[in-house]
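Next, two complexes with subunit A in common: one pairs it with subunit B, the other with subunit C.
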Partner chain A sequence: MNRRVAYAVAVAAVVLILGAVLSPGFASWPGLRAVLIVASFTGFVAAGQMLVVLVGGIDLSIPWVLNAAAIVLTTTGLGLADRLPLALALAVGAGLLAGLVNGLGVAWLGVPAVVMTLGMNGVLQGLTLGVSQGLTCGDCGHYAPQPLRDLFAGTVPAALLVWLGAALFVTVLLTLTTFGRRVYATGANPRAAYLSGVGVKGVTVALYTLSGGFAALAGIMLVGYGGQASLGLGDPYLFESIAAVVVGGVSILGGRGDYLGVVAGSLTLVAVTTVLRAQQVPEYGRLMIYGLVILAILFAYGRERAHD
Partner chain B sequence: MRDLQDRLGYLVLAATALAYFAVYTTSLGRPPGSFDYLAILNTTMPLVLVALGQSLVVLTGGIDLSVGGVVSLCVAITAATGGAPGWIVAVVLLGALCGLVNGLVVAYGRIAPILTTLATLSVYTGAALWVLPVPGGSIVPEVRAVLSNPNVPTGLGWLALAVAGWWVLRRTRFGLRVYAVGSDETAARAVGVPVERVKATVYALSGLCSAAAAVFYVATTTAGDANAGAPFILTSIASVVVGGVAFTGGRGSAMGAVAGAVALTLVIDVLFFAGIDPLYQSLFQGLFLVVAVLLGTGAALLARRRAA
Partner chain C sequence: MTVVATGVGRAFGGVQALRDASFAARPGEIHALAGENGAGKSTLIKVLCGAIRADTGTVTVEGRIATAFQELSLLPDLTVAENLLLAAPPRGRLGLVRRGRLADEAALVLSRYGATGVDPRSPARDLAVSQKQVVELVRVLAMEPDVVFLDEPTAALAEREVDWLAGHMRRLRDAGACVIFTSHRWREIERLADRVTVFRNGTDVATRERLTEEEAITLMTGRTLGATYPDISGIVPGENALTVSGLTSGRLREVSFELRRGEILGVGGLAGQGQRDLFLTLFGAGKPTAGGLSAGGSRARAVRQPRDAIRAGIAYVPEDRKAEGLLLHLSIRDNVALATLARRSRAGFIRQRAEKAAVSGIAAKLDIGAGRSTAQAAGTLSGGNQQKAVMARWLLTDADVFLLYDVTRGVDAATKHDIYHLIADLARDGKAILFYSSETEEIAGLCHRVLVLREGRIVSELRGPVGDAETIVAASIREPADA
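Moving on, here comes the complex of A and B:
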């Protein structure tokens, strides 16, 4: 295991223990369950963000890919259980398609990742707001179909199993497949990877497509959790996904890191916020402490090598 | 043809201005008057200033996400205190200080710019909420009359000052060093450029520009909001991109970014007068961003083909 990933897991453990000491009920299963559920949303978006960061890219289109998928789901699902498979397919398809376009723009047209994904974010925001008419139309305000909401019921909610599945998928993909080796090779040195026969462009396109898919998945789960889709649903997840990836020990320059660290990073971020909420720290204090915690973690294991 | 990328900002601005003129005249039956130009000037000034600061950072190969937080914090203080001249000086100094903190962490802490400024974004936004928990506040009428007078184009003077500042800066040793650090940090270091000091300074300047933008923002809107800065993060990056400043650093100019900022503001007016549903606004802004960059890279590609 990568040294940074070990740090990330250690930090998550420390924050969780600190939470248990500071606020009673945090250590109980209902308390932990709540943290895990909220962390799973960050975990989904961060999975996609990590995949593109591994090849030195970045995905700024996550907020509105997520939001668009959520709206597609509710407007095609109409709250009916028998329409759910279709709605799910359309929502995930929309996310994958947005990611595919991102990937093609970055890899084949040579548009910088920041520009391509920022542009995609704007395009999807405009499309979502325009087509849904700002959710003021009659058939927009549908609730999530019941099976989706049931994912969050029970002592061990099925949503957490979905997260576990996603974690296994990403981990197996990155560590046990040729594709995974190619991802790390591309991230470490794209030129060397290209010269040794890695289809760098294809790998890049695949990763952006997956990131779109994961953002859509997060949107779907958020709809199930909240029971409804809202506009601006994805906005908090832009910077949160980047923070989770980095707190999880993934190098922002690419080539290093894995999903175990990112899971730890997501838990750390959500646990910090939850503990501060439980301590009744006002919002301004939460924001400031959140930023300072990230900064402290960066100083601990997110520094770049010295120039000599 | 190679200069086309460098002049991208001006070309895009010229095209957008032409479109604005045409759309305005056809929809209202008369060409835009002095009132319209003044309104554009006053609404675009904050973005112009933030984009100016952002471009300095991007020229060194960095990025400043904390502009959102600095603008919010400075808007909050200006509005809460009514913006008496003494407070304005204090606000501008505070902005520079916030930027300097970013610069010190990036340069001496060796933490990637995107991560440093992501963390401080949260800290500064929190501080803004602490100063101004609910939107409100005011601005001294005299300050408004000097900065963004609704009847006299006082903004032009300040815009000229900012442009002149860049012209002087670019010709100083510091200006040269900014480009040197951005084009090749290792080489710059080797020839004795104090890379750390240059980096710390550009972030401080970016903070200063954001603070000035905040004062203009309050002068134009006559009230403050602790979340006022958030939109500037992505729009300032978009301005820099449309202005032809390369994300790899060392290429482009702050004037391009200023042109990009004006063009981005004009696009909204073009859409308005073309009768396009405002809900679709960000769709066109996103397309505008990607297409502008594609034109730039396309031109560069064409130039390389012709040279070969």
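Moving on, here comes the complex of A and C:
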């Protein structure tokens, strides 16, 4: 485990301990369970964001890829359990497709990632609003299918196992496979990677595609958690995904970072919000403190990096 | 004394780059700093010119200072003119930069210092490495400094440009300036320096007015080396490994030749005559507009990208290991394994044990980083060891054809020696080697045959070990381009 990841984990631990001291009930399992579930949504989008950041890219289309997938799920699933497999496939497929187009635009057409993914975000927003006519629940058949809601029931909700599975997938992919090596090589020095036979463009396309898939997964899980899809569901997750990645010790320039750090980053963000809410800090104060805490963490990282 | 450093120490992370180093230079002398990579020369220069602080010791420098760092510091997206006049651009009445006059003023500066052949309007990124270095040097010279630090100023320069620089260094000295430079080419130190200070392991070991190469190498390394170039007369080239016909690409014009197994074929000529285009195109990283190549006797699959070239048994070791070779903050192991990942994998998963064995085997064979763990970042290695790590990556591919492009650039004497012997061993094993070096002497000493390029064409082919660089240089400039 490298130093930056250790740092991210330490920060998460400090924030969680602080939370336990400040607000009673935070340290109990129901309290932690709530934090973990909310952190898992950030964890999913941040997994995708991290993958593209590792090659020096960025995915700004996450909010509406997430939202589009959620809408696809509810409108094709119609709240019926037997339609769930089809609805899941369509929702994930939509996310992967959006990511694929992002990747092709960035890698083959040479469109800057910021422009390409921001454009995709706008296109999907328009498309989703147009197709859904602004209505997410024309009738009550559009609610989330029951099996999806059941993911969040129980002492140890299955949703957390989904997160664990995603974490294992990303970690194994990055550390044990040739693909993972090529990802880090591309992020560290694309020219040298290319001259060593790495298919830099193919790697880039694959990562954006995966990011789209992870955004869709987050959308699906949010539908299960909230019971339905709403417009604007994904809006908080652009900032959250980037913040979790950066607080998690991933270099925004590419080539450095891993998912354990991003998990710690996601927990940190959610724990800070939860603690502030428990302290009954008004909304405007929460936003300010939240922002300041992230800046403080990054400032500390910056100091630490200077000693590398 | 214009420049005095006493008891200087400086560490980076855990690495002690300078320890109790002392140095003094006076006005009106050219003073060379000699030593292997990692001996502390560059760090000393950075401390002396104020780019970094010393942890311990004192430093005094009197007069106007100008420095050309080893890492070229031109801004790639600005033009030559903008780079040259960055500090003091021509200004109009309101203090605004007069852009219209930039190019003219820059042209004036360039011609005043005799740097012809550089277009002040072209972006710095489009220049060849040698031209960038010339611009960097003109920028330094134009300050008319009292104290000049030149860190490896000739590493990227061809013979003719070295002469040009030597003239300026002497002129500055005769005008009373103190000129301090580093070089890995002993001939230049011998030719130019009034005094030499030798560094080893972060400290000064001797300052002399006269020093032979053998003495210097002994001082630098603490050991003595055998004959400089390995004897290749016993290696007899075999069957064809690579056939190039009518290749046209970038600056290259209809280049045809054959490269045989066991042969070390040199590519000579002045800098920037298409050598780089030749190497990159053969490796699939440049697009040919005409002609082509076939590897292994039969027409190889079209080589459209480096991946295809690697599959066809071609390896390319680049000149600029930081830009094109290494992933500096990734581990030595990641770096060495990169070109052969798929060979040690099952269903996309890396066979960790096989990889570890392969990497530590080759690292031990090449003596990379003196037994250091291969889990450490490649950036912690000294320059010579970094170059060895890049060589190791390509040795693992077990390619038939090795394209070695200026692989000894900026590498210390001991590592150069190791690399020469490595190349001879490859030839002995039946590998075909295409070799380019910015030091023509290396081509002369190491190759069975030399192709001389001029304006993208082969203008001459010299057979047998050429022996002396002068023959190659003469061939480079003698014949007219359209002959």
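What we mean here is this: the second predicted complex is superposed on the first by the 295 of 308 C-alpha atoms of A that agree within 3 Å, B and C clash if a C-alpha of one lies under 4 Å from a C-alpha of the other, contacts with A are read in each partner's own complex, and residues count from 1 in each chain.
Operating definition for what follows: a residue touches a chain if its C-beta (ideal position, glycine included) is under 8 Å from a C-beta of that chain, and two chains touch if they have at least 3 such contacts.
This is a predicted model, so every value here is computed, not measured.
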> Does the superposition put A:Thr177 against subunit B (first), subunit C (second), both, or neither?
Replying inline: second
> Among the partners subunit B and subunit C, which is in contact with a greater number of residues of subunit A?
Replying inline: B
> After lining up the shared chain so the two structures overlap, which partner does A:Leu287 touch, if you call subunit B first and subunit C second: first, second, both or neither?
Replying inline: first
> Just subunit B (first), just subunit C (second), both, or neither: which does A:Val246 touch?
Replying inline: first
>> Touch test for A:Leu298: subunit B only (first), subunit C only (second), both, or neither?
In response: first
> Can A:Gly255 be said to touch subunit B (first), subunit C (second), both, or neither?
Replying inline: second
> Looking at the overlay, does A:Pro30 come into contact with subunit B only (first), subunit C only (second), both, or neither?
Replying inline: neither
>> Looking at A:Leu109 after the superposition, I want to know if it touches subunit B, subunit C, both of them or none. Which is it: first, second, both, neither?
In response: first
> For subunit A, what residues appear in both contact lists, the one with subunit B and the one with subunit C?
Replying inline: 307
> Which subunit A residues qualify as touching subunit C in the complex?
Replying inline: 176-179, 181-182, 184-185, 188-189, 191-199, 255-256, 307-308
> Mind pulling up the subunit A residues that touch subunit B in the complex?
Replying inline: 58, 60, 105, 109-112, 114-116, 118-127, 129-130, 133-134, 239, 242-243, 246, 252-253, 283-292, 294-295, 298-299, 302-307
> In their shared complex, at which residues does subunit C touch subunit A?
Replying inline: 13, 283, 285, 305-307, 309-310, 316, 318, 323-330, 334, 337-339, 341-342, 345, 348-350, 352, 393
> Which part of subunit B faces subunit A closely enough to touch in the complex?
Replying inline: 63, 65, 105, 109-112, 114-116, 118-130, 133, 185-186, 189, 195, 234, 237-238, 241, 247, 277, 279-287, 289-290, 293-294, 297
